[in-house]
Amino acid sequence: MSAPATAASTTDAEVVQTQSAPPRRSWPGYLTMPLILGLVCLGMFLYVQSRELDSIEARSLNARTILTALQGHVMLTAVSTLVTLVISVPLGVLLTRSFTRVIRPYIIGVLTVLQAVPTIAILVLLAVAFLFLGFQAAIVGLVLYAIIPVLLNTMVGLEQVDENVMEAGRGMGFSRWQVLTKLEVPLAVPVILAGVRTALVINVGTATLVTYIDAGGLGDIIVAGLSTNRILVQLIGAALTAVLALLVDYIAGIAEDLLRPKGL
Amino acid sequence: MNFGEFLIRRADDMLELGLAHAAVVGGAVLISTLIGVALGVLTYQSERARETVLAITGSFLTIPSFALFILLLGPLGLGWKPVLFALVLYGLMPVVRNTITGLRGVDPAVVESAKGMGLSRRQLLLRIELPLAWPVIITGVRVTTLVLLGIAAIGAIVNGPGYGELIFTGLARVGTPVAVNMVLAGAVGVMILAVVFDLAFYTAKRLTTSRGIR
Amino acid sequence: GGGGAEESPNEGLLEGVELISGSKEFTESVVLSQITALALEDAGASITDQTGISGSATVREALESGEVDFYWEYTGTGWVNILGNTTEDVPDDLFAAVSEDDEANGIAWLDPAQFENTYRIAVKEDFANENGITTMSDSAEFIEENPDQARICAASEFINRDDGLPGMEDAYGFEYADVVELDLNLIYPQVGDACEFGEVFSTDARIAANDMVVLEDDEGFFVEYLGAMTLRQETLDEHPEIAEIMAPISEKLTDDLMMELNGRVDTDGEMPEDVAQDWLEENELIGG
Amino acid sequence: MSHTPNAASGHADASVMIRLEELTKRFPGQSRSAVESLTLDILEGEIVVLVGPSGCGKTTTMKMINRIIEPSSGRIILNGEDVTSKNPDHLRRRIGYVIQQTGLFPHMTIGENVATVPKLLGWDAKRVSARVDELLTMVNMDPAEYRGRYPKQLSGGQQQRVGVARALGADPEVMLMDEPFGAIDPITRDRLQNEFLRLQSEVRKTIVFVTHDIDEAIKMGDRIAILQEGSRIAQYDTPERILTAPANDFVKDFIGAGASLKRLNLSRVRDIELGTWDTVTTADSAETAHSTLSSSEYSAVLVLDTDGRPVRWVTADDLRRIDGRSLDQIGSAPQAVVEPRATLSDALNELVAARYAVTVVVDEQGRYLGVIDFDQLNEAIRSMRSTAVAEARSEFAAHDSSQEGPS
Amino acid sequence: MSHTPNAASGHADASVMIRLEELTKRFPGQSRSAVESLTLDILEGEIVVLVGPSGCGKTTTMKMINRIIEPSSGRIILNGEDVTSKNPDHLRRRIGYVIQQTGLFPHMTIGENVATVPKLLGWDAKRVSARVDELLTMVNMDPAEYRGRYPKQLSGGQQQRVGVARALGADPEVMLMDEPFGAIDPITRDRLQNEFLRLQSEVRKTIVFVTHDIDEAIKMGDRIAILQEGSRIAQYDTPERILTAPANDFVKDFIGAGASLKRLNLSRVRDIELGTWDTVTTADSAETAHSTLSSSEYSAVLVLDTDGRPVRWVTADDLRRIDGRSLDQIGSAPQAVVEPRATLSDALNELVAARYAVTVVVDEQGRYLGVIDFDQLNEAIRSMRSTAVAEARSEFAAHDSSQEGPS
């Protein structure tokens, strides 16, 4: 290639490129994140190995406890996210249909209100007022917390779809359902997924709180560290949470690359 | 004492806590929005930059708030300062993410014609791209606000301002008659704030989103 | 406060001194802090209230960094949480050991009060009566026989400490079938529901309020948790009067008294500062 | 204007496919209606072209027919059935639609875009794929190259062609086409138009076609509705009649300069009587040619080969300088040559630049049939016009007398 | 093809505004280049029209000129300055751009859209507002009605017009216009074209204009570049020369049927010598008319009024039935009348349908100047063509001999 083109101002060249070719990550691009996360884990492992642990630290920082906590956390995140999706995407779709215009503000209002209450308060209230504990209560708390990001983004995403495209679809005899599934939802995927990824990260973070109602997860480790003032334990717990969040977000990123319509 | 009586007896408190809560959350949202939009704007064109920024702001959200508040206590002390700081960190990700998504969704034909008219990068951004991405961005801000309203309550552990005080005091007395009232009062307070904030956002979205793209 | 009818015992000792009161989030800690604050104010100090900080670690951090000037701590917590020891080797005079070791951190412990707020296991009164359980040993037996009714609600700290659940199970030679990990506060309402046994603090008014009874630690396993006021050594050096002022008060703080004061807040819904004020005035520890 | 020319007049026999009754659309917040009480009949199997100035309401009218825009008032009757309040999805599946802004689905490849309706109809993959290729080829786009691309990777005209291909996918009985060829170059457009007309002559769909190009309207339309602001009908008639008997100044203006020239597009050489010219054959001698020429009123003779194909114009001058060569080696080659299926416009085009001001007409084998000169064209035009005017007059009278009937 | 007609040949004197050198664009993942080594000079103050089949690379070429698409290789020289690697914003502010897809800003009202560049330039509010009104009026849209609307509330053609108005806002020295009138009806389009040409005659901007409409190209272009796939230049020449001496079959095909008729658009009645017809005046008696007629080769005389304006055609028949009426009360009114500034195409249009196969030419006051008959047109065309062919031949020879020079 001749000099002039390469000398072009970089920001501009990038714009042009993103417009002409759908951005797909290269293989090295895909590998960076797991590599970094792996290294972080390895670092933590080596550091913990090198330390004399007292009995309190040892009680939290052992493979069995960590794995159980991790597994619990993954379950919490996975199930709550799944439930969130199952609730909020269809709800978002419903709330963008014209026939729900009247009830729309109320439903959103209620959900907003629930979202804003600190999860810890919801958990406590569930536990105290309904004596509702454990995994299921935790899911309720997490879901209430994650609905709004997905719901709002679903709605905005759907509202943003180009009118002309929908008109063309309707003009071709697409039923409402087909317009929705074949055009609106795919075209709203980037915005919806932004909401989902936000919710996922929030869920991974918030799920550390459900340890207070016997729902396990990495919160067990963090709170153990917190309550006995063992910084190392806290740090490991928090770091594991962050690693998990980034990993989950990374996987969601791959899902987005696959789901994001390529023509956009 | 039922909940109603409790509220009436604590009405002054409720109002005061509410204002404090709203102030710290409002401040944090404002700051996160400014920083978040700026980060989004700086990174949305480059795959690597935006993934990095999202990973970093995302991992903020995973730091347990208890731990973060305690961490901040040393440098920032007790009260609103650590709370504000932590809230800003927590609030970034939804804003950044939606800013990026919104900017990337702007119709290339429109960007092209704007460029064709000689708008500078800045003008393009301020006059065309941001206004068009605005509905998505403001949704991110809305999510941030709601998330922060909740987290702000946890700020009570470092004696931060707001309804968290009621919630945590209540929590500390669970099993006693006032406990549920207190937690409930705190929760209701936050809920009311949520409604107020959300109404504000709804109005702001309507007022700030051009009729041409509604 | 000037203009009072009654003469204050410590009039003017701390005139012009500014102090910040801290406490943990639970009632007893707040009440103790309020009592202290009122007493010091009575001596002329002006007090900024920063009570109700959540978590031992938080409030301790606040003390060390000067965000607060004093709060009440417990010897057991000091030994394990603050000084990072385990409880396999608890010294006989725990208070002496803790206060000595903590000097290195620049924190002073005033002489302890007469109450002890330690770990205990509690059950519902009905449950105790029905099954004839009054001591820990009884419970060990019961658990042996009824593994399906052997669930304990406990908070993270208790579960993870040697002087908590693991050590206790060793000492009494039994094992709970299920550990329900909860926030400390959630335990009181959950006993009898999510679990049969619950970890409680001995002076907590909610024990009585929730119709629970404490099982006797007949093996004497639990570490002592004497309450004592902590403050930075430099504060104490500057104002040694504080120790003088607090000594008579600590004298009077017994288990039963604490239980009562806690109860007035928790059960009767009074404000901690009112409870503190009443008690101090009643006992003429401050001027009216 | 209360007198909207009755659309169905004179067509009572053919069945009406689309009837619009007093269709009105007023957009919220606008002072004027975009479409104002439009009444129009479209017969089965015909192509009706809507033309009119930008913003006159053509697109709005189209969108009301398939109910993408709900009318403010009025009725739409499809094939005898009032569909104004029917389920619009079902309605739309019977109606193909080419949207003005192309509206390709940006997240689907070209192939997927075109395959949309066939897939909707549940065709099997092989058939769909074959159909996609067929349609893309029809709009002059190489399937191998374009099938896998995304809309944003196409040029404007290519996008529009994909839009057309997509709308044809399902072979719907009724088609609405909103400026389908607006962004396409003349060669491709001509090819598409012809392809379209060929298809139409086979399957006879009912087509409503919007264009702003009056030439296209004349070429494509069985009837043309010239619309004024608010979709008020200025004239609704056959292309011939619109060109020769414009109803008013608006129509006249809209047709623009060159109405007569445009009119020539509508007739073909085979429709008029050809003139004759003096001919000789290559077998003839120079003398024969010379005598023919001297007895002719023209300054040249046309030399035909033995099969009767014109090969040369030869003048007296040429003959003088023949120098023993044969007749097909002198003179000049005839250039203005057309076949009978050429339009009169083609003939005139040749004529204008032709030597001897005459166009030679040959049959498909290239054999001489006759000539056209300007006077013949002039006469043809003039007679067409007088017929049209007479027709218009008599119809207008008939219409006037039937005014009392139910409206 | 290595022989790209040298763009600048014969124009060495006028200064080159835009020079494209070996400009190439290959989109990622495509096998063929969208633009392949295009070299083109555009002189200051001229309108160059790019025409070519859909997908041949016109839009890509335009976007490379203002660097919205970065070229894969090659150089762009603007006014002598290599701008290939200059800051594109500064470049673009000197270049107005009408995008093919209109690209209006959906969040701004029409008024705000049009005001964009004037505001950028920091004009005060009053001046901006006046300019907006002026521009909207120019594109035939009532400012009062449309200024406050949003793009989605406009019809397709209206949107396009706003796009044009917006690009004109700042009065840039160079304009790139990508099918600016593609979706506009002929009347409005004609008006816009004329307005544009009028403006251009005053300010002489340098304009690159893309269209797929060869008629528009002929009307608007000082020079036309006919492009083949990959933006390869098939011919780059004046409209006259392209019509009369197409470089190859591609160009011939692209011009399409009716090249000669199109050619007639380029000349005006005043450019050719008028014929004469026998005239009498209304003051003359029937006998004078009769004698004029009988000595005439035509079958009718033209009756002029006392000011010399044609009022009647009168034939022998008419005279016979005069019954004492004056000459202006018999015969038929002359219809085929044009003024000298009419194009030959207008004249032919009249001629085709004219009684007596003749078009009457009158001056601006309507006074008789002469007539045009078909033979005159024919001759005019034929002489134009031979001039063009001769020119092309001599130039080609000159070009051939200069092949060795630096490219």
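By written order: A, B, C, D and E. Residues from 1 in each chain.
Following the convention adopted for this analysis, a residue touches a chain if its C-beta (ideal position, glycine included) is under 8 Å from a C-beta of that chain, and two chains touch if they have at least 3 such contacts.
The structure presented is a predicted model; accordingly, all values stated were derived computationally and were not measured.
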Quick check on the contact network: minimum steps from chain C to chain D?
2
Starting from the Cα centroid of chain E, hunt down the chain whose centroid lies farthest away.
C
Centre-of-Cα separation between chain E and chain A, whole angstrom
59
For chain A versus chain B, what separation do you get between their C-alpha means, in angstrom?
17
Taking each chain's mean CA coordinate, chain B and chain C are separated, in whole Å, by 37
What residues in chain A touch two or more of the other chains?
19-20, 124, 128, 162, 223, 226, 264
Please output the residue numbers of chain D that touch at least 2 other chains, ranges allowed.
101, 152-153
Please list all residues of chain C that touch 2 or more other chains.
55, 57, 183, 185-186, 189
Would you mind writing out the residues of chain D in touch with chain A in their complex?
63, 66, 68, 88-90, 92-97, 99, 101-109, 116-117, 120, 150-153, 163, 166-167, 170, 176
Given the complex with chain A, which residues does chain C contribute to the contact?
55-57, 60, 80-82, 84, 86, 88, 155-157, 159-162, 166, 180-183, 185-186, 189-190, 193-194
Taking the touch rule as given, give the residues of chain E at its contact with chain D in the complex, in rising order.
27, 31, 51-55, 58-60, 100-101, 145, 153-158, 160-161, 179, 182-190, 212-214, 253-254, 256-261, 263-264, 345-346, 348-355, 357, 374-375, 377-378, 381-382, 385
Tell me, which parts of chain B touch chain A in their complex?
45-48, 51, 54-55, 58-59, 61-64, 66-67, 70, 93-94, 97-98, 100-102, 104-105, 107-108, 111, 121, 135-136, 139-140, 142-143, 146-147, 149-151, 153-154, 164, 167, 170-171, 174, 179-180, 183-184, 186-187, 190-191, 193-195, 197-198, 202
In the complex, chain A touches chain C at residues 54-56, 59-60, 124, 127-128, 131, 133, 211-214, 216, 220, 223-224, 226-230
